[in-house]
Amino acid sequence: MDRSEGHITEDGRKIGAVMMEMRNITLKFGGVVAIKDISFDIRQGEIRAIIGPNGAGKSSMLNVISGFYHPQEGEVWYNGSRRAPMRPYQVARQGIARTFQNIALFEGMTVLDNVMTGRLNFMKTNLFQQAFWRGKAEREEVHNREFVEKIIDFLEIQAIRKTPVSRLPYGLKKRVELARALAAEPHLLLLDEPMAGMNVEEKEDMSRFILNANDEFGTTIALIEHDMGVVMDLSDRVVVMDYGKKIGDGTPDEVRNNQAVIDAYLGVAHD
Amino acid sequence: MPDQLLYAMEVLLNGLMAGVLYALVALGFVLIYKASGIFNYAQGVMALFAAMTLVGIMEGQVPFAHLINAAFGTDLHVFGWQLSGLIGILLTAVVMVVMAWAVNHLIFRHLVNQEPIILFMATIGLAYFMEGLGDLMWGADIKKLDVGLPQGINGWIDTTTFDAFGYGFFIDNLDIWATVIAAILVIALMIFSQYSKQGRALRAVADDHQAALSVGISLNFIWVLVWSIAGFVALVAGIMWGTKSGVQFSLSLIALKALPVLMLGGFTSIPGAIVGGLIIGVGEKLFEFAIGPMVGGATENWFAYVLALVFLVFRPQGLFGERLIERV
Amino acid sequence: MLDAGKTQENLLEVNNIEVIYNHVILVLKGVSLSVPKGGITALLGGNGAGKTTTLKAISNLLHSERGEVTKGSILYHGKTVQHRDPASLVKAGVIQVMEGRHCFEHLTVEENLLTGSYTRTASRAEIDLDLELVYSYFPRLKLRRKSQAGYTSGGEQQMIAIGRALMSKPETILLDEPSMGLAPQLVEEIFTIVKNLNEEEGTTFLLAEQNTNVALRFAHYGYILESGRIVMDGPAAELRENPDVKEFYLGMSDDGRKSFRDVRSYRRRKRWLS
Amino acid sequence: DLVFPDLSYRTGPYAANGIPFSDGYQDYMTLLNERDGGIGGEPIKVIECETGYNTEKGVECYEATKGEGALLYQPLSTGITYQLIPKATADGIPVHSMGYGRTSAKNGEVFHNIFNYPANYWDGASHAITEILNENEGDISNLKIALVYHNSAYGKEPIRTLEELSKKHGYTLTLLPVDSPGQEQKSQWLQIRREKPDYVIMWGWGVMNQVAIQEAVNIRYPMDHFIGIWWSGSENDVLPAGEAADGYKALTFHNLGSDYPVYDDLKKYVVDAGKAAGAGDQLGTALYDRGMYAAMLATEAARTAQTMYDTKTLTPMQMRDGMENLEMTEAKMAALGLPNFGPEFKVSCANHGGDGLGAVAQWDAKAKTWSLITDYFPADDEVLNPLIIEDSTAFAQENNITPGCN
Amino acid sequence: MLYREAGDFKTSYEDDSQTFPIRFDRLAFYAALVVAFGIVPFVINDYWANAVALPFLIYAIAAIGLNILVGFCGQVSLGTGGFMAVGAYATYKLMTAFPEVNIFFHVLIAGGITAFVGVLFGLPSLRIKGFYLAVATLAAQFFLVWLFNRVPWFYNYSASGQISAPERTVVGVPVTGPHTEAWATYLFCLVFLAGSALIARNLTRGATGRKWMAIRDMDIAAEIIGVNPLRAKLSAFAVSSFFIGIAGALFFSVYLGAVEVGEAFGINKSFLVLFMVIIGGLGRIFGSLAGAAFLVLLPVLLKNTLVGTLGWPTDLAAHLEIMIVGALIIVFLVAEPHGLAQLWRLTKEKLRLWPFPH
């Protein structure tokens, strides 16, 4: 199947052209080669999973995409042009949002404030207007707040809006993190093990949110996950990494039956 | 050799010696920081307190005499004994251990797992408390401390260098002693922290109080231990500085001399304290010598900080400090 | 084997405890459970149910989070442990593997593991042997032994945390979400290790898990915790057959496992309590 | 009651100096109360207030005590004095900054309520040079003189005077600032060792004094060529250096020691009666003497005011007038049991600074005593007066004061 | 239930983001305003103004400023004394150079100048973090004090190196100089405090505040989310220094009237203000006020009790006083590490549940 021009999936979602392309990325930390000459792409509108054993370099790959790590070799192409090395906050402004493996919420703030930080790139008033508050700053605040409330409703975290996140249990924190990322209305959403530490029911909830975001907002998603059930069910294509190398890339079915992947990662053929 | 060069060399040597004295104070900071992530602002006051206690014990002063006299109308002053330096030092060391125990049990045990700034704040509270306590126990007058360390120009170096260069270098005997003692301390502490099980535990505790508890490291034990050692280091610093300038309030301000040393050497490194001390000592003395006269002098207070600041911009964790782990 | 939980004496007993954080937030509302010697006991429940809190109450790490047990008692070997400090509990043989990794960032992987042997008086050689054992469980750690733990990946940190606890050769291990963030084959491996330790060394386990499926496969007895209360308990095998558990915790319905893609269309919410 | 607040500092960095001064100040007043029933029959009330040498606490003390009918403030800190100059002037309460504070307050035409007799900093600078002149038969044109000073407003006071005097006498002046607190002076003293100035003058305070004297000893600087201002001339400063400090000189504007009749009374009525302000162990130290001297000047001014207005109780304004008309004579001092204790001088509206008389004291390390080695001699008013006029007119202009006596 | 918030529903997001969402708090706040502006000026005397009110108001401004930097943006600074000195010397230069301009503007401009200096010294914060930064800010502290002491231009070449505030008026009423009335200086400072608190509150509840807090809580994550750390940190330094500069200006011109830099703006000042911020509660505007009140009132209170009421010797009292202050700081930290504001909040949470324990 040639997919260079995009296609429609079985359940009717539109997958578009290549949005983000990693070309021959190599990333080293001193002697450790975390990523070795890896290339893959992410298409508009798809859910792209990245899997691999612990320490394979998955999170590092996301960090390269977010501009937090700068690869020694290789190029990152985004929306058809080569991305110059840039600071993470500049990457964020290009519409790339993410969640983190070791939750990186702002512990001292309430849930609402955390989610509002996702909107920072939409807040344009300057310091003086904000100091004065009445008028522009307040209108802007309310406007963004309305959007954030939608996300909060969507993720069903209304009840904990005003709770400081440090008091939340792990699973809810993950949800808040997702909310923060979604609040940024990203074109590309990077999720690093969003379902770790959840039980089935919560995973189902999370899946629903991810699918809906993909559907309703048309967000492209790159997803790292160790739960094969989730990966196989949700993703359109899967990249498999093994200690820095790419050992597989394709649809869930292709990957599932790839012997290299089974050996390195799955252990047993997954149903 | 031209005079200027000789002078500069003399300044440099004295800078090195001054640096050692700063490092002595900095060592105490490093120990506690290493073992708990606590930036112990009270280190300077501890040095003062230790020196005051030492003098008080040696001269047989009645502690809290003033308070007791005021409260009960008595007229107590001295016990009437006169102890030798060595016994005084031993007794003072015991007092510092008691203090370490109290500090842990009354303060830090209750602050496990709090943010560093809160712990820092607690040490400032502690500094206040000990400052008042020291004055209340031993009085606020200036005390002369003499444990038998020699002071004044070292004649041998003076004559030797005079014969060699035609200009006799000034090196203070007390500084030479300080150097020797500091070297012994540093080596002992390095061995302790590198090669003992407690050394590893120290660093573990500094990283994560809770996790350390969870593997069975007793914070109480580690902290009492470390505060005791820091108390002893403070005593040594107090003796050196107290011999130099008398035991009085300003002694507690030597902490401020140690901070740039810490920054430069790294908060967690014992050798860093020494190397940082030397760099700061030499740097500030040479700057005062060469540039000071052009800008009106008295640059030493800030120059050390600016030097350390500039250095940190290039190496944010100091020379030997542990790198900040920045990950997501 | 499965009835090990019934026949043996109870090593650890938690009687009707209440836990309050910050003097105001009531989290556990009367939790009782007992862990038999030489058994694997699972503590299941959703996010925020209070699993971690229960474990911390037992290991006495609550104090450092400004939480306290306000009611009830916790007995280990029949003796109350509430007022012992965590370190002495470790000496007594109870060690907790904390959730969320908690490595010593600045220590190397190997040093991290060695801290686990802090309370032991064993010789260096013995400890080296155990170190090798841990490395054989987690070969990945051996590869990274000299790196600072702060720079290892999430899963590697999880391995460090577990390995560190194993190094202390405890009598009882409180495991908090051991499977979190581990690759599937490793999850199996970890539980196999748990099983082996339990069978060969007689180590007792109390494990809090979200991954109900695996947990119930390896545990002897299970408790289900919800909003700070135990809502169900029983031998693991029975729990696995319970239809509610099946549906809500194992994700099975009558017609087998559902695809995560289908959850979009429906939502189920049923709780024993709410 | 005659209320005299005592802004003392028995804590903080300068406690060691604050304690004897305050003891002396209070003990003398207690003596008058105990022995004479006060001044002219009116009892004295001393209100002690701890400032810790801190300006903010000083303000608090001032505000707390001024409502109690305070007659006179002796702030004992240059910083607090500067604060009180406008406040006390507005409140009409006199301030006596004896040997410190704002030098140009000598000009009473501008500073109506501020007094700094018998001598001020600029006098002190001039005294030091005069002493050096005397030791060198009047020719110091090729001498090198170094000033080691506390790097603060206080320490900088003498610079201007010394510079003016160097124009007149031709010596070269080297300035060596020492940053507070002054525990580290290696650089300064190495420089002195290299440049070998003929004299070192010191404007230090607190720990800086001891360290400087110790360092001077260390480099074997001749102690009799080392002259400190009066605030660098207490036992606290020289004792730590031990024997080696022998011969160190310090300026003073009153006599030292405890060899005066008044001390018998102090012992009898105050110390032995258990009424001493402190531990009673400071009697006869330089700063105790100074505190006592300040108290004596204050009470004598009060006496003067009582006679002027023929009243026992006083208002602050009357006290001020008493100070402005104060005349200290040998006869008076002898009658008080303090013969030859201070210089004779007379205050007037135009001259709030007395006659600027000072003397040189020298430390005898064996006997542990200070003793005057010169008579009181005047400052070089020819040089100083223009400076004072300049500074005080500037102040008058800034604050819209029309100078004059009313 | 003593303290209720039930029945207090918000119908709009404006209402929801207001400063005191609970009616009881709102009323208390208005009452406090009425007392502060309407009653205190009529009853205040010199002692209360100079010993308590002015230091409280001024330190509160400084504490708000420092709280923005430390509490909200997480950058620990020990340079407060130095920055206050900048404010003080800036007003002094402005007051003497442009006597015709109203002192009100001098104070504001002095704040602006301090903001600029603050940004300069804030630059290293991009690289240096934690306690390293805290110590690094001491460079600012020592350097600035040295500079003001060293360069005579700053003190208009006065012989003593002290600066004294000439008399300046606001609408004809003197607020600086010797002839001020207690109520006038009080009101003048109160206006600045109210303004500062309001601005600080506005900034911290909006986007800027969130950026700061994000940097504080996890700077790397904040950057990945899109916060420009340079701008966030520097803006915190600027705003913080602005307030601290104003505090310094008032401290010199209105409160003390004459200062010497090393004495009035030494390192102790830096610590004192940091104390207030932490005791009050990091990241809480109310905490800054509470902390300032606590540390200004406590010593005065202790002194008055120990010396005034109990009649202890002043030195004993002073020693005990600092021991008690030190001990209380520790006691508070142990009782509630997040400060008075948090203590207050927890008390309210308890009151809400009252009479039930939880």
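Chains: A, B, C, D and E, in written order; residue numbering restarts at 1 for each.
In this section, a residue touches a chain if its C-beta (ideal position, glycine included) is under 8 Å from a C-beta of that chain, and two chains touch if they have at least 3 such contacts.
According to UniProt, the chain labels map to these proteins: A, C = ATP-binding cassette domain-containing protein; B, E = Branched-chain amino acid ABC transporter permease.
Note that the coordinates shown come from a computational prediction; the quantities given were computed from them, not determined experimentally.
The chains in contact with chain A and with chain E alike are B, C. Fewest steps needed to get from chain C to chain D, stepping only to touching chains, is 2. On a Cα centroid basis, the chain most remote from chain A in this structure is D. Put simply, the chain farthest from chain E by mean CA position is C.
Chain A and chain D, compared by their mean Cα positions, are separated by 75 Å. Chain A and chain B have CA centres that are 50 Å apart. Rounded to a whole number, the gap between the C-alpha centres of chain B and chain C is 45 angstrom. Residue positions 68, 100-102, 104 of chain A each touch two or more of the other chains.
Annotation for chain B: residues touching 2 or more other chains are 66, 135, 140, 296, 298, 301, 327-328.
Counting partner chains per residue, chain C shows two or more touched chains at residues 25, 151.
Going by the touch rule set out above, the chain pairs that meet are A-B, A-C, A-E, B-C, B-D, B-E, C-E, D-E. Touching chain A in their complex are the following residues of chain C: 21, 25, 44-49, 52, 99-101, 140, 144, 147, 151-156, 158-159, 177, 180-188, 210-213, 248-251, 257, 259-261, 263-264, 267-268.
Residues of chain C touching chain E in their complex: 20, 22-26. Partner chain A is touched in their complex by these residues of chain E: 12-14, 16-17, 199, 202-203, 205-208, 210-211, 213-214, 216-218, 220-229, 235, 239, 283. Listed in rising order, the residues of chain A touching chain E in the complex are 66-68, 87-89, 91-93, 97-98, 100, 104-109, 113, 116-121, 123, 125, 127, 130-133, 137-138, 140-142, 145-146, 149, 180, 184. Chain contact summary for the complex, chain D toward chain E: residues 8, 10-11, 15, 19, 48-50, 52, 54-56, 59-60, 62-64, 66-67, 78-79, 82-83, 85-87, 89-90, 102-104, 151-153, 156-157, 160, 179-180, 387, 391, 394, 398-400.
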